[in-house]
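Per-chain residue numbering starts at 1, and chain names A, B, C and D are given in the order in which the chains are listed.
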Amino acid sequence: MDPQHDHYSDDDDKPREECGVVGIYGDPDASRLCYLALHALQHRGQEGAGMVTVHNKVLKSITGIGLVSDVFNESKLDQLPGDMAIGHVRYSTAAGSSSILKNVQPFVANSKFGSFGVAHNGNFVNYQLVRAELEEKGSIFSTTSDTEVVLHLIAKSKARSFVLRVLEACERLQGAYSMVFVTEDGKLVAARDPFGFRPLVMGRRSNGSIVFASETCALDLVEATYEREVHPGEVVLVDDTTKEIQSMYLLRPHPPKPKSCIFEHIYFAQPNSIVFGRSVYESRYAFGEILATEAPVEDCDVVIAVPYSGVVAALGYAAKAGVPYQQGLIRSHYVGRTFIEPSQKIRDFGVKLKLSPVKAVLEGKKVVVVDDSIVRGTTSSKIVRMLKEAGAKEVHMRIASPPIIGSCYYGIDTPRTQELISNRMNVEEIRKFIGAHSLAFLPSDSFRKLLGSDYNNFCYACFTGKYPLNPTAPMEESIDDK
Amino acid sequence: MDPQHDHYSDDDDKPREECGVVGIYGDPDASRLCYLALHALQHRGQEGAGMVTVHNKVLKSITGIGLVSDVFNESKLDQLPGDMAIGHVRYSTAAGSSSILKNVQPFVANSKFGSFGVAHNGNFVNYQLVRAELEEKGSIFSTTSDTEVVLHLIAKSKARSFVLRVLEACERLQGAYSMVFVTEDGKLVAARDPFGFRPLVMGRRSNGSIVFASETCALDLVEATYEREVHPGEVVLVDDTTKEIQSMYLLRPHPPKPKSCIFEHIYFAQPNSIVFGRSVYESRYAFGEILATEAPVEDCDVVIAVPYSGVVAALGYAAKAGVPYQQGLIRSHYVGRTFIEPSQKIRDFGVKLKLSPVKAVLEGKKVVVVDDSIVRGTTSSKIVRMLKEAGAKEVHMRIASPPIIGSCYYGIDTPRTQELISNRMNVEEIRKFIGAHSLAFLPSDSFRKLLGSDYNNFCYACFTGKYPLNPTAPMEESIDDK
Amino acid sequence: MDPQHDHYSDDDDKPREECGVVGIYGDPDASRLCYLALHALQHRGQEGAGMVTVHNKVLKSITGIGLVSDVFNESKLDQLPGDMAIGHVRYSTAAGSSSILKNVQPFVANSKFGSFGVAHNGNFVNYQLVRAELEEKGSIFSTTSDTEVVLHLIAKSKARSFVLRVLEACERLQGAYSMVFVTEDGKLVAARDPFGFRPLVMGRRSNGSIVFASETCALDLVEATYEREVHPGEVVLVDDTTKEIQSMYLLRPHPPKPKSCIFEHIYFAQPNSIVFGRSVYESRYAFGEILATEAPVEDCDVVIAVPYSGVVAALGYAAKAGVPYQQGLIRSHYVGRTFIEPSQKIRDFGVKLKLSPVKAVLEGKKVVVVDDSIVRGTTSSKIVRMLKEAGAKEVHMRIASPPIIGSCYYGIDTPRTQELISNRMNVEEIRKFIGAHSLAFLPSDSFRKLLGSDYNNFCYACFTGKYPLNPTAPMEESIDDK
Amino acid sequence: MDPQHDHYSDDDDKPREECGVVGIYGDPDASRLCYLALHALQHRGQEGAGMVTVHNKVLKSITGIGLVSDVFNESKLDQLPGDMAIGHVRYSTAAGSSSILKNVQPFVANSKFGSFGVAHNGNFVNYQLVRAELEEKGSIFSTTSDTEVVLHLIAKSKARSFVLRVLEACERLQGAYSMVFVTEDGKLVAARDPFGFRPLVMGRRSNGSIVFASETCALDLVEATYEREVHPGEVVLVDDTTKEIQSMYLLRPHPPKPKSCIFEHIYFAQPNSIVFGRSVYESRYAFGEILATEAPVEDCDVVIAVPYSGVVAALGYAAKAGVPYQQGLIRSHYVGRTFIEPSQKIRDFGVKLKLSPVKAVLEGKKVVVVDDSIVRGTTSSKIVRMLKEAGAKEVHMRIASPPIIGSCYYGIDTPRTQELISNRMNVEEIRKFIGAHSLAFLPSDSFRKLLGSDYNNFCYACFTGKYPLNPTAPMEESIDDK
């Protein structure tokens, strides 16, 4: 996805997931199921949505700006016949860009071997290099998205089948990718990079149709049973020869060294999803429990969460600490895109539109408030002030992840390194900045404790600055932090 | 508000609040503050929104279909100058009605003494009678809203000032009303019926401007300090003589016998609001605690809520029962108005779009699930099935209100009496219908326990069928259930 | 219709017709036919359009901003069942007024004897007076349109049938009105003021259904045969007793003294319409012929028109003068509402967007250019300059109407008297102002010549300043210019 | 432009121009001027419009569906800064195609030597061949437009400057093209195929800025003085070295043999334009005069036109015949895209919405009606019937072009050959089919008479079936009909 952004919105102050993908094979209801699966993945991208289906050897495509329910309606879905579909949701970015629609996936290309489409979650770190090489040979580009290079590489491949062309293209590309493809001759291909940065799962409906999706919550909604992840470095082909999947693997690195994104468990994924084979809910609950043990608050009266992402960790904290959990902050269900401020400044206006404190819970209390992460710290300081103004005697903030010190190059939109508060201040300085009575982050070694033998299979670059794969660097130079 | 509806949507199966009102006096930023206050009251009505301001002796009005943020934008607010404003949000109804815009409030009338506007929350029970009398005298009506009669009564009043005309109109009207008015000569009037069915509060900003709103959450967002309720039977006038309020009371009934709507505390109001002088959060938490005492579930593993409205009661239940509260159902933040079903029916599709079960919380567990109320029972049965399919061993449903057996005539949209499940089945029959292992409602006498001396000041008609005021009946025949 | 406007757009510099009306009785296809008839009358009003049908004793109404084809579509028309309909088109006014939709007709009122609707073309000159009286008795008004008073008068009438109520209301009202009404019990009523200022015709389709419309061009499109005008002072009732019309007449003035608007023949009506019993085409052609005789241009090379309204008169001029008519100015078919100017001012930009000169016709020629009227003279001066810049050696302007010196009070939107160029300058001064080599208007006595015995049945107030009926004055004081 | 269409709409039954192009160089107001010029060319394409400007070495692009005034507004133009612009209007096609926006020009490509944009009027006859070759080498295509190949050819060219790359691309392409290009480094290039099928002119504003456009009417509106045509086979470069144009020519064919489209003079171009160095008005007037001489109608009473395109020829006919020209058919100015038919069929409904007969002109008359061309004959038969029903005693149709027997491959959208009525019937059969008393076409040799030595420089393929250049054939095989 488009690699650079400087539109990082202050209000929520969270990293942003950069997309969700869906693939449906062999279901007469493909476009409707794809639509529902995209809806279930809406939290992974709210800017745009799109779908491509294949019918009578023709690809049909509809893409649009906005939520899945804005882009599609009955009549649009009727224009998308066929029993296979791929779909994409895209994260929210600055409004008003006139060229934005061009960048909404899936992308479709017409080539010598026919039309094909792709939906991509992730980010190619050697995109600029590959694009420059392609341009040098006379290729033209019509978007600013890194995903466009994969179309060119496939079209230029001399390999004898589509899946081999995909394999060849993947071997030229470095970075994070979970991709699904369709071709006009009825093939569905799913591919995941050898590090397995971004999730991609596979399930099956009772009628035998196969469903790929970024998270299991999408499988649940379309009543597909979760079977397994697409493995790191795996390229999966489904076509009508057997309606069974055929599996291939990228040759290098061999064996693949998974580096799954730990932030999916901290913030991005839905709590009801299974991601990288683990329950997201259980991870977050455990983060909360560990925090309660490692960073207890003596005699605290109540544990509250910053909704929605802090709730599960707060429940874990409260349970472990033996302190009641209460709904001390309520989130509005109606916050739209743009909001109008009064001319007489209301303090912390943006946050107040989204979050309301409950005085009955907070007044005179020693409060522990649990959030999932701190990025720039601006929102945290507003929340602390809001809680105090609502009567909290003391506010102790607990963060269910370690301090973020590095930007992500693997498909997540984080602010520039220098904007990350943990890069500029130590914990005590941050505590002062946000005005809390105490502040604690999840200790880094919690992951080792929690994940055990699985520990090395995750990427912690945003907490450690050690990147498994350097941006734009050849693969040899990739850094392993084992 | 429009008295009859048969559009009761199945999906959420909750009663619907019929509106929220706002009044701002003496603030140069009136329209922007009104906009924010309406946003804070958005949960009281999502169908339409409107605002009237007064500037240079002219009323400016903008109304529209949709959410507050759909109807207004910077340029619209710029068309609403002046330092006083009234506003209205309207509940969600069937789409597509071509005459719907006409019914969006505030209403404006031009009369012999100038223009004035009104925003009304509630329902006049003698509306048909008064309208017939007015029509008999040659009045014409241009909406299907009961609110229109108040405009006629005021315009026809011979009283010598606007506030006295309002008083006179109120004395002709029976039923539930919390209303705010503006006049072209700069008066703001707020009026509340003698039973005080619907809430209406008053606050003040630091610059002295006065704010009226249905709930205190609106005061909070505009940084107005809550002062007090507008009392049942009170008519409050603010004008520029003193910038202080002047208070009058309806003569009959004397003294007023408040019958505040208990359902505001059960479901309608925001948990962070103070309504009828009490914290909504504390009421709901107490309902949960009482349920835990009165309807315990032995050896249950986990307490979960039907979000969002069941959360606070579930927390109370869990705390009292000493059982962990978990987020066993997650509500989607992206559910739009219309949704497209696949042609192969997905079971309980509508509910699944909104609510997702968390297997990690439910699998193999004996689950208590807390909801605020049951209306027709259709959604409850889907939720129970969903929890079982997600692995719950047992599902025990606890409802934080008594069975609903009567429709509301005082400003709430409930289904017809015969559609109310508690009117057709006893508790055991309902339990079987929804498929729960056990089912319990809040005992009716809990209110007496909880509210103490305040008990008689609330209306319980939906639970008891005893209506403080009969629809269309003359006032003498009103029923008192003390 | 709304009596005052100051939004007079410069570009076209023509008076504006204030509406067209349609009524359909006894046709299963009523809404579709009404839609087509409104389309045929679109030149009489481009701001808004609306329709009311009656089905199962219920009035259905759809109104909207924009052209007929903007407001209605298949699905909207499907919401308008029934075999009777009335419709209205409204002239173009300033955009952006938030209350504009309220003023789009037909208006519907609910009264003691049921619902009824009205569509009105014209203007009540005693509107303010009647409205003040109604307000004094406690009536409220929700629009700024003069049409609203007729609803009140009808609702307040004690007469025993709807048509008699209409009659009674008409007797209270003075001014110009051609109106159609429908009632929920299936009556269609058409009424025309005793002066017959505005046109209203009646026709019949082959299936016996009856059609009322402002002009015969609407009858033509729906294949109704023109039968006759609704007479000045006539009130026509159609209901299901006989499917024949019943006719009544206003008592005063007796006999009616028709004062039909001569400007319908000069500019407003479509050339293919029969208006006030005369062919519009023939009138305009005759005006041109008279001009050629009375104001010849020696040795002129070519006669051209200001399209579209000047074309027929130009043809008459050219034929009489024996000089070739050419298309020297071409009008763009794509001019929208708002247009964007370059920052480097293009001279006479607005006119150039609409009109393009044809050099091949004009270069080196002595040109006669015929227009229908001059209002403020601004456009004329631009046209003369444009023709000269395109190479015309001499430009002689001929105007197919006398100088306009008075505003209209009978349903036409003209600028204020002081803005009318003929009120401020004599012909020679105007000639200089617009830069023409010569200028001539239609001599006033041409009408007497052309119309013969019919001469006294027309209103010439805009040319003479003698008003048949004074605005807001009681009827006795009406001025007769016979 | 997209080569195949089967959406030929019946109602107007005219060939459709496939686009207009504009280029502006060196004007600070480039986007606004381009907008106006596109508006002036709106008759060449109503489906979509787009513009690309260059500012600070960045191309900005806005394209959209609809008219120029739908696609652009002040704020959109503000997003298009810079002193050079190219623009495009696209003809009307079937609505609802989901991929339609992709095909709206100008197209932009990013290549190794930077970004560039193109707007194209015409059609490459060897498009399929060139595309297949490009695909063979691994190029991917993202539109269905033939224009996309030119982007690839330019990007792949090894030539050392942009203009030479364009030249090289043009030498690979065959067919009709009038194109304008911009590059991020500030070059504007205009190119016209060696046959000069489609028009392209050049003008200059008083500030020295240079304007290219399909027709001179666009120059007129932006106050640019017409200098000359871009010559057949010429490639013109403008950049900041001198602000003067540099001219190059394609090598083959040498010398170029112009084959300008005669239909531009018959129907497409605006009458006020100079096209291929000749006045369109004069051509059409002459066609009418010739018809009057070659196909006179004895004792006819009146000559009328089918507006708008038949008017000038009708004037020529009437003048030559010495018979009065009248406006016997009036065209509605409000016909929108879709129109709703009544369920009781109105005969010739579509035509009646657009054209209304004037009885006063037609009744009892022997009428000559002049149209520019007959394609499928369906509309002509409706017009003849309409004239008769309006009272015409005799209807004599005169067509100001020869019978059309061949489809166009050079940028015009005509129906398939078998749908052309003149391909299936002789003149007498057509006369019977349309129901006219007599019918005559413009004799083919009129062109020779009229054009003299210029005769061989025009393409008459649609009348003769002799194509100067065979579709998809190599250039050697091109047919010359000299």
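By our rule, contacts are C-beta pairs under 8 Å (C-beta built on N, C-alpha and C of every residue); 3 or more make two chains touch, one makes a residue touch a chain.
As the structure is a computational prediction, the values presented were derived from the model and not from experiment.
When the partners of chain C are compared with those of chain D, no chain appears in both lists. For chain C, the chain whose average C-alpha position is most distant is A.
Think of it this way: of A-B, B-C or C-D, only one pair shares over half of the A-D contact pairs by residue number, and it is B-C.
Distance between chain B and chain D, defined via averaged C-alpha coordinates, is recorded as 62 Å. Note: centroid distance chain A to chain C, computed from Cα atoms, is 62 Å.
One simple way to say how far apart two chains are is to compare their mean CA positions; for chain B and chain C this gives 49 Å. The mean-CA centres of chain A and chain B are about 37 angstrom from one another, to the nearest whole unit.
Looking at chain C, one finds that none of its residues touch two or more other chains. Every pair of chains meeting the touch criterion is listed here: A-B, A-D, B-C, C-D.
Chain contact summary for the complex, chain C toward chain D: residues 28-29, 32-33, 35-36, 39-40, 42-43, 46, 67-70, 72-74, 77, 207, 217, 220-223, 270-272, 279, 281-282, 308, 311-312, 315, 319, 324-327, 330, 332-334, 336-344, 346-347, 352-353, 356-361. For chain B in complex with chain C, the touching residues are 60-62, 76, 79, 98-99, 101, 107-112, 132, 135-142, 151-152, 155-157.
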